[in-house]
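Chain IDs A, B and C follow the sequence of writing; residue 1 opens each chain.
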């Protein structure tokens, strides 16, 4: 992650950022990323997990298993048992298949919620930054208020009173999680809309909507990607925390979070039931962290090549 | 009136009969070490037994206040002259409506004031006043101001210090236990505190009791942490003539697995082993050193089936008390379908596989250790018979594939309500409440078993308070799994569950909308047996159970077994089926791993 | 400065109002009603339920309910016997005057009293976590910046990320089992310890009578929850600190200072560290918020008797006064946390003018 130590410092002034064509920023970032092995490895791991999760039905067919079929005579089988590569759980259900389907839900919820909250954040932020005035004041007040309620408290009471299904969970996460992006986008929009090229575009009759999404959003895209990775980390951990206190996604739908929580009951009898989902959660979060760090470094104009 | 604790299979903590104490030895008063217990029930709501309704509170009260009539820790039935109880004997008059209870004259509160009928009467007056928010007021026929309260006790009076006379509105064997719903409190203390202004009790629910009667006293309470009680050497009913442990501490633990690990680490003296962990204590070599006691729990799990149409819940009776004809449940309204379900589910496999053999299969609403249990009944696992009955009921396997849903062809609902129902699939919703891993597994197991014989059951775990109870009491469910914890004394009355009076959508407990005139007749007879003769009653209740297991308002599943474990080296631990802490006042507890 | 503080406090008021509005709205969204839970008992009759429902005021329009909750109803006539006619003065004072209603589960106890009993524990733990997390995070971050690219840097960066990647409840349980059961049994054959837990496996105080001893006598109860909870703080802060330090190191004035011949060490400490800490006062607020929320999990796994456990208890029994009071109090703490961090920021940054 640190191959750039002794090169010549190629520092830019902050005010230069906006003038640099984004193409070059992207180009530089990409070429940096290509050399950043840990980040590449992390990206590969996440992509692999995502593909495996997406292919869960196929893999299930391959081994002739599915995540719901029970066989009480074959419970707590260990890793490597014939027919069940990762063993079976307390109802004799195939653990591999459950982990993959659980990954679908856990990763899916985190990804969908992160994207959705990003969209809300960008829209509201650009809106606030662009229009300013009362609209901005109101949005800022709302964000401050929402941010002042401890996030997990808010999440817990909402999930406790609504007991959401996976799609509803995405909504809940998104509704709570958009404020960070909004702040970011709002501030950037504020400063960007003073720039000459934006003013010029406006003078040429570009609509506000066009300005927002053609000229402003692409400029802060890298920041958004980093925000997205941070949001996903928080969401995956929040999903498992909710399961632990009993307000997460409910059976029979497997998620890594509720599998880990259920496995605590059997941690002595079948440690693999606890270790595997725990490891998958940790590995995913770890990789997304690395990706976030790598992206930040890659897009940071202040780091040297 | 028995109090039902859904999902709690905890048995009442009652200190019981004076057992021969010859085999027990202890170093001396207060030299038996500190007993550390754990509880996941949260903070007690109140130390005042007259306004409490939660388990954490009643656990504490059982150490601090006597019962008017004791319940034996061995049989779960009322007996005279038990430890920690006031009654020395009782008899009914010839009408069966006047109960005279004679009280012991040898017990006193720990400030020396004798415990008399006045203490009980003070509690009775407080509960009946209507000024306090007491869940026990329902035992009386009327409140003090004359408003009806729904119970059968007309009056409770004390002709002298050691006699209490209870008058019932009619002869009723069940109402006997209502007498025990009111806990005697030290009247001299309470009347000084509150006078006749009983409402004052609501203002300070957390007042620490200063005067008590029991093996332990002097509550010290730390919110969210612990309740500590000190040995009360003035307790006259102790097994050894003194109280051996110096202190009883109940520590709160929020998570059951953490509680189990802490017990294994030596931080607690005693543990009610959570069901998923019981198998380890039976088989794990390291855990075998912990002495354990297993017994049949006082409660049963069941699979409830709604008999009435969930789209149109109706009360059982109209305003004039006449039966309202109910539209049957499209599927479960047919007794054949319910019986098919009983044949489709392999309960032995469930008990062995999911509960690690920790349960006893039942086919009635009573537990095997009960005096009324009818052992001749059982549900047979026989999927072929199940499919046969479904076909017979008009649910046919149209594609010769048992795994796909059967469809209605002249089934009950199509015959009696709506002919257009023909061709509908055999679909049902099966719900359990969230929060119990085992319950969820059972739900999944039922779903799998039912779908094997041609149901299309959808399973979901739903939130207890926002979804499960509204659906259950609102009578909009199809099937669900839950449990009744039975109170003490053990009694098999069914009037709170299968009478049309309690079929009230939104609040009644006949949520399955089941009634059977013969059953009600038998149950009513059993309540007025002259002298409440046990044999006659047992016979009647035996017949009641036959009807229930045939009609199947519930698919009675099993009675789970409870397990209690203590630290190796605990002496004089003598648990009984109805009290895991019986003999606690004689315990010698090993030193705890205290930091 | 005073002006700034006054203005900043004034800004917090609409936030607090917004919090109450949001919390109240969520509670009203809840399907089912507390009555059904309280009345899951055949002994409670239908008219009792209705009385209870009316008492809770669940039949009034939203704005009225909210206002009654906020400012009380002792200034207006209300209908107490539910004949649809107002007949007596209300007896709620509203949360603005400290009346959060009466707890359902705890037989009418004042929610504020119940929270008050537990607030100390939550604050105690969070301060310990802040202290450990910040000092650990800042020092690791600074050292990593100093030794940039060397083993320490790489090791701590990876370690910090791992520490923040593991679900806290899992880590907590593993820590409890490890220090309570596994480690003592491993050490016992070598004559170290007695096989008893090395650290307490939960709780805040020794289970002996006479209340909780002073903090320094029970500091070992604090170790495990603090460690588990502060890992995340260390992870975030070491990364922030490292980045900020590097930025400062590369700035012109540090180079000037070095060029002047100042020793490396004094440059680091005097200029680098001081300037790098500055922007972080901004992150103190969010860190505190995260901790208050996360304490629900930590308190549950370690049975730390704080507000988080009370909130969970309230949620399970649908004790709305308790839930709302816990969330409002938690939010007020958060707002205060933000206030303090803003004021610290203003104080420490000479560029901010008042």
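The rule we apply is simple: a contact is a pair of C-beta atoms (placed from the backbone, for glycine too) under 8 Å apart; a residue touches a chain by one contact, two chains touch by 3 or more.
Everything numeric here is computed off the predicted structure, so don't read it as measured data.
Student: What is the chain whose Cα centre is as far as it gets from that of chain A?
Tutor: Farthest by centroid: B.
Student: Taking contacts as defined above, which has more of them, B-C or A-B?
Tutor: Of B-C and A-B, more C-beta pairs in contact link B-C.
Student: Whole-Å distance, chain A centre to chain C centre, using C-alpha means?
Tutor: It comes to 24 Å between the two C-alpha centres.
Student: Could you please state the distance in Å, as a whole number, between where the Cα atoms of chain B are centred and where those of chain C are centred?
Tutor: 38
Student: Starting from the mean Cα coordinates of chain A and chain B, work out the distance between those two points in Å.
Tutor: Going by mean C-alpha positions, chain A sits 46 Å from chain B.
Student: Two-or-more-chain contact residues of chain B, please, as numbers and ranges.
Tutor: 257, 435, 466-467
Student: Going through chain C residue by residue, note those that touch at least 2 other chains and give them in order.
Tutor: Within chain C, the residues that touch at least two other chains are 30-31, 173, 177, 300-301, 312, 316.
Student: Could you say which residues in chain A touch two or more other chains, in rising order?
Tutor: 160-162, 246, 264, 267
Student: Help me check something: in the complex, which residues belonging to chain B touch chain A?
Tutor: Going by the criterion above, the answer is residues 257, 274, 276-277, 279-280, 284, 349-350, 352-354, 434-435, 437, 440-441, 443-445, 447-448, 459-463, 466-467.
Student: Where on chain B is chain C touching in the complex?
Tutor: Residue list for chain B touching chain C: 1, 3-4, 6, 34, 36, 42-43, 45-46, 48, 51-54, 133, 135-136, 138, 150, 202-203, 205-206, 220, 222-226, 228, 230, 247, 249, 251-255, 257-258, 261-262, 264-267, 435, 464-467, 469-470, 473, 496-497, 502, 504, 506-509, 592-595.
Student: What does chain A use to touch chain C in their complex?
Tutor: It comes out as residues 1-2, 5, 9, 11, 141-142, 144-158, 160-162, 233, 237, 240-241, 244-247, 257, 260-261, 264, 267, 274, 278, 281-283, 285-286, 289-290, 293, 302.
Student: Can you list the chain C residues touching chain A in their complex?
Tutor: Spelled out, the residues of chain C in touch with chain A are 14-15, 18-19, 21-23, 26-27, 29-31, 148-149, 153-154, 157, 161-162, 164-170, 173, 177, 239, 247, 250, 286, 289-290, 292-294, 296-297, 300-301, 311-312, 315-316, 323, 326-327, 330-331, 334-335, 338.
Student: Enumerate the contact residues on chain C facing chain B in the complex.
Tutor: 30-34, 36-37, 39-46, 49, 105-109, 114, 117-118, 121, 173, 176-177, 180-181, 184, 196-197, 199-212, 220-221, 299-303, 305-306, 309-310, 312-313, 316-318
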